[in-house]
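Here the chain labels run A, B, C and D in written order, and each chain numbers its own residues starting at 1.
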């Protein structure tokens, strides 16, 4: 199987729009980090969140199994604490195996949805 | 002619919105991988899809001729099986020649279309 | 002054939506390559366009003066020939000085505009 | 704490849509550079803006404290001068510590908002 990716990634932009619980799961506003583990070993990923005016929070720990992808919605993170809405943040991912991280947001605060995406910044 | 690109690429984010067959071909919801082969030799590209809860599917094989670009819509892939709609996935591209891969989605589930794009993650 | 960037860039995705001449210049559908030359020497940039089913077209030649940025709209290219609408293409940029290239599209085919952007793929 | 990022970044695309002061702060049109400093030392970042037809303006100086993120809106920059609206520009960031820079725009000129983002071009 393929080995592709890096062990450290950062997404400088982060923002959970408030509300939107009325929509279906797919069309509800959300911000996601898509994490691909194309290799043959499970990846343990530690996520740390950075804020404007307080100390970082984390690590949030997720496991991406071998040969699987995880489309992680930030608003579903629970431990050590939920991600606050309507608050700018950044995220750093540290994995023990090479992974690829991509940032996506769907914003349905208004009638027409808006989308954004970018491959995260990968470092070694 | 120019040689530019890499041989291995990954798109961590993937999602085919359901429906939308009523729209014109250009405005119908779709997700695409644009593959540029600027070199003088045809490129054979093997695509593998990764999912959340089952083994990868592939390879899907496409050829991008020398000095050509291919705007590949994922929902047109047929062999070894169609890409499921409304299901998160990731994709890895392995080419025998240097190519450049860019990810684009047009979402017309609602009245106003939404667009996203990013250069994929390139590796060696 | 700063020297930042690379001499070779590629944008795999390219597409000029048809029509839209009724809108103002700023809100009219367009696809742009933003080229930053932060250095102290004028940059001569040769652009080649790649298509699905015919030979590449180019070079289109633009000069980005020292310490200037050029927001180039593809639909304003004229020599050697205009860029066809409603046709997928890719573009390669070869500059004699380091520059930074970013791809942007504004799509106003429908009432609500859509935007996309990505830093292009830079190579050496 | 983590050290991740680079010291020099460029965003080739820049544009402040006019108007929009009627909306709430979150939904008002804006263009932002999100700057993450994941390290243990405050980062001093000098920003220079480049235009189409005049000399660069800057440096704008911002400090991103250790372990903090700054979601900087370009239209809030004041010294040495405000960023003009409806005018294409590019930006270069020079930091004395490693940071990660991501570009985002929210455009609410029309009823439906549009979003774009990309990790900036990082150099050393």
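What we mean here is this: a residue touches a chain if its C-beta (ideal position, glycine included) is under 8 Å from a C-beta of that chain, and two chains touch if they have at least 3 such contacts.
Everything numeric in this text was worked out from a predicted model, so none of it was measured.
Participant: For the homomeric pair chain A and chain B, should the interface be classed as same or different, according to whether the shared residue numbers exceed half of all numbers used?
Facilitator: The interface is built from different residue numbers on each side, given that under half of them are used by both copies.
Participant: Taking only the C-alpha atoms, how many degrees of rotation bring chain C onto chain D, rounded to the nearest 5?
Facilitator: The best-fit rotation has an angle of 90 degrees.
Participant: Using each chain's Cα centroid, which is most distant from the centroid of chain C?
Facilitator: Chain A.
Participant: Determine the centre-to-centre distance between chain A and chain D, using the mean Cα coordinates as centres, and give it in whole Å.
Facilitator: That gives a centre separation of 21 Å.
Participant: Once you find the CA centre of chain B and the CA centre of chain D, what distance in Å lies between them?
Facilitator: 30
Participant: Residues of chain B that touch two or more other chains: which are they?
Facilitator: Residues 111-112, 114-119 of chain B each touch two or more of the other chains.
Participant: Sort out for me which residues of chain C touch chain B in the complex.
Facilitator: 8, 10-15, 17, 48, 50-53, 55-56, 86, 88-90, 92, 94, 103, 105, 107, 109-112, 114-121, 123
Participant: Which of the residues in chain A end up touching chain B in this complex?
Facilitator: Against chain B, the touching part of chain A is residues 1-2, 4-5, 26-27, 32, 34-36, 38, 67-71, 100-102, 104, 111-119, 122.
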